[in-house]
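Got a structure for you, questions after.
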Amino acid sequence: MASPVQSPATPDTVVLHTPQESEIAEIVSELVVANHILFCRGVVDGFGHVSARHPLDPGKFLLARNMAPGQVAAADILEFDLDGAPLNASGRPVYLERFIHSEIYKARPDAMAVVHSHSHSIVPLSISKTARLRAVFHMAGFIGEEAPVFEIRDAGGPATDLLISNAELGGALARCCGGHNIVLMRGHGSTVIADSLQLAVFRAVYAELNARYQCEAASLGEVVYLSKEEGEAAVRSVEKQSERAWNLWKEEAARMSPR
Amino acid sequence: MASPVQSPATPDTVVLHTPQESEIAEIVSELVVANHILFCRGVVDGFGHVSARHPLDPGKFLLARNMAPGQVAAADILEFDLDGAPLNASGRPVYLERFIHSEIYKARPDAMAVVHSHSHSIVPLSISKTARLRAVFHMAGFIGEEAPVFEIRDAGGPATDLLISNAELGGALARCCGGHNIVLMRGHGSTVIADSLQLAVFRAVYAELNARYQCEAASLGEVVYLSKEEGEAAVRSVEKQSERAWNLWKEEAARMSPR
Amino acid sequence: MASPVQSPATPDTVVLHTPQESEIAEIVSELVVANHILFCRGVVDGFGHVSARHPLDPGKFLLARNMAPGQVAAADILEFDLDGAPLNASGRPVYLERFIHSEIYKARPDAMAVVHSHSHSIVPLSISKTARLRAVFHMAGFIGEEAPVFEIRDAGGPATDLLISNAELGGALARCCGGHNIVLMRGHGSTVIADSLQLAVFRAVYAELNARYQCEAASLGEVVYLSKEEGEAAVRSVEKQSERAWNLWKEEAARMSPR
Amino acid sequence: MASPVQSPATPDTVVLHTPQESEIAEIVSELVVANHILFCRGVVDGFGHVSARHPLDPGKFLLARNMAPGQVAAADILEFDLDGAPLNASGRPVYLERFIHSEIYKARPDAMAVVHSHSHSIVPLSISKTARLRAVFHMAGFIGEEAPVFEIRDAGGPATDLLISNAELGGALARCCGGHNIVLMRGHGSTVIADSLQLAVFRAVYAELNARYQCEAASLGEVVYLSKEEGEAAVRSVEKQSERAWNLWKEEAARMSPR
């Protein structure tokens, strides 16, 4: 393969990229945008992270170095293997919780992108002894009938720091998640999975809204949830439209983002 | 009819409009503003839509092509007939849920504008088994004593995607709405009707606030609602003032809007 | 009296003001700022209004013409008498509810400024059958042990539009308010009184926050309110500091305001 | 000691600082940023304050003169002794509640920075008769199993203005706080302590979020709190990352701050 293509560049320079290089550059660029969108939309603050599986090697994934998502630039995106080891960090610090990503990519061949966050309406549902996150509106059918909650005490004992800071805990989280597309983490936040980066961002945004609406409705009395079939049908219809949201949010992020 | 009038244009060009063309251009321009206001006010996000009945042909209506409301420009406004068929889309994708608009214009000759949205305080009331949206303050008298809730399972069975994606479902929604000016849609959002575009936007904004205040008050105990007569009197007084809000929001949208 | 003073003006013009004219110009300018602050702080939206008693004639007050507070400029400020009649409107439309202001200035010689608004946490408390607004934190001691709620049905019957659209209803509101510095209005909002414009704005902002905190705390169980003595002591200490907030908000409003 | 170092200055001037002067300049600069961050993050409004212990003399601390935190500049930072007396105010007004800071620095040799605020979700928990602030998520482990609440009636009687306006009340607050890193103040707000300025800001931000999440979760039913061991472990892991948040917030504050 690989007839080189010319990238947009200044008139005096000719930069040649192979198609493979272009494909990587594109996903890196999209990952930078995803970081900024999640920040602008309030899904992440100084903490939280988003990754994408490597487009050419399913045994690797792309994730920023240890930094605030809203400040990530292309040069900050690193490659990791599925054991969570950084491959080109050159000593730069990496996220403690990269094992969330590595273990989900290992356990779920369909996962192409992962968002981990502590968004405002998700944390309360992660610490409720009684309520469970469930799909209540058509934009969040992917949540399904009940999102699993990962209780880290089951895997890490009664005195952890609640972080997924090694492969063993990451594996336990991935097992708790199973075939679901979102898993809540008690006293911590959630992790969302999708088969594309745009869709993972979309799901992270609407998971937060679903949680907000569900809590508000619960304060009024009994709630009607989406049935399993409704949720599945809504996913098929609504998620085809996720690019509409992506384009809007990308434009917002470009105006609001620090860089 | 039709002595042509000269539009503001660059000095070198003279563009002649018939009065009819001017009237259409004006409503198109207002519809663009309505899209931006609803986005800036948080009534719509990447999703939701607003339409206006055609000023010259009550058998047609104007609605943007399939895109985020905050990004709509005049060139994106299309004409549809009352079966929801696009008349000048030239192949551009259209909203799946245009049948909300077409069937309401069909069933309600008084409807001149329609807003469909999933605003934050409306969704919770759409999924409560016990609480119903009711007018609680003078700005939202149009809600009346109890807004109907459209349960799509009644019309579409237990496994729909919750979208009003055909004329049959649109017709069922319009029948559920009846003579009301707002209908909630379970697990989805609401649709608001008015006899002008400015008023439809006004009502969509204040329906959201009414829902918010009602939920907050309900958490404190029993609530005093507007009586039928109070709601009607408030509509007569308050809605005459809707242009004041429109002018403010238009100015805000011009500053905040991407375009 | 009246050695004229020179105002800042362009080099070519010399504008002479009497001290009286300067005093009026200053309160007009402050009233414009008050309008913008209340809008920027979210106390008013397109609706709501703020007035000041005339600095030279206690039988008159200053209030904008009928328009959104965020858009008010000095030329929009009109004079009214204590019957609510505009004195220099030159036919420009005036607020329907100017009688809120006129009747409070009539009934309360200590009132130098009045804010009427529908802020987000006040409306829910105005419609609760059980909860009453009470001071819960030191910034809002002026609320006292229980704010009165004006039920317009008592004065205007069961079918009003909830607006204070004549002197009779304004008088009933003023009587309900009595010696309090805030009165809630059922299904509508509140009216706040102070002996200066800066303090009226300060109280309107902190009444909203007090309502918000009180509702949130009520959802957790029983609440400790400020005692009468605590509230009075807090007013004496805290309200001396209101200029600190005014200066901050004025700066914010100058940056955020449309004009 | 003290080989002088050259500060960044205009080309024509050479400003020589001793290392001690540089150290003070740095903490003053950081304190200005801390003021702006707390304002931009909504932890303080026109009121609230943040201080740092003097880097060279543990018997002194640095705190702005009496003004809104969002408007503080380097020239506004004053020195105080541990009795709360200003050392270089030159007559400028100082905060009434400086005794919060002086008494905590006196009682807690480990305290290097103190934030006092009335943030939105903390006040409700300060006035609840039943609920107590407890750590519910990993970012706020420092809160521990139950934050103490200072009831000023115990120290100052039934008719205070709720302010910590003298050393006696400050001492009572410090005793109530004891070895905790946060103490709530009934009907008022909270005071947060840390061993660095960056960490004090971090804790003030996440105390607010913890309170918000805890209240939301409580409305759903019973809540899982962090165990003592989990909280301690989370502090050890998470607070090492506080600079990541600081850098982000500093950048935000630089863009949003009035100065």
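Order as written gives the chain letters A, B, C and D; numbering starts at 1 within each chain.
Going forward, a contact is a pair of C-beta atoms (placed from the backbone, for glycine too) under 8 Å apart; a residue touches a chain by one contact, two chains touch by 3 or more.
It should be emphasised that the depicted structure is a prediction, and the values quoted were computed from it without experimental measurement.
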{"item": "Third chains touching both subunit C and subunit B", "value": "none"}
{"item": "Chain of greatest Cα-centre distance to subunit B", "value": "D"}
{"item": "Approximate Å spacing (C-alpha centroids) for the pair subunit A, subunit C", "value": "47"}
{"item": "Rounded Å distance between subunit A and subunit B, as computed from the means of their C-alpha atoms", "value": "33"}
{"item": "Residues within subunit D bordering two or more other chains", "value": "219"}
{"item": "Topology of the chain contact graph, where touching chains are joined (line, ring, star, complete, other)", "value": "ring"}
{"item": "Pairs of chains found to touch, sorted by chain label", "value": "A-B, A-D, B-C, C-D"}
{"item": "Residues of subunit D defined as touching subunit A within the complex", "value": "136-139, 141, 209, 212-214, 216-217, 219-227, 229-230, 233-234, 236-238, 241, 244-245, 247-249, 251-252, 255"}
{"item": "Complex contact set, residues of subunit D against subunit C", "value": "45-47, 66-68, 70-71, 96, 118, 120-121, 123-131, 158-163, 165, 186-189, 215, 218-219, 258"}
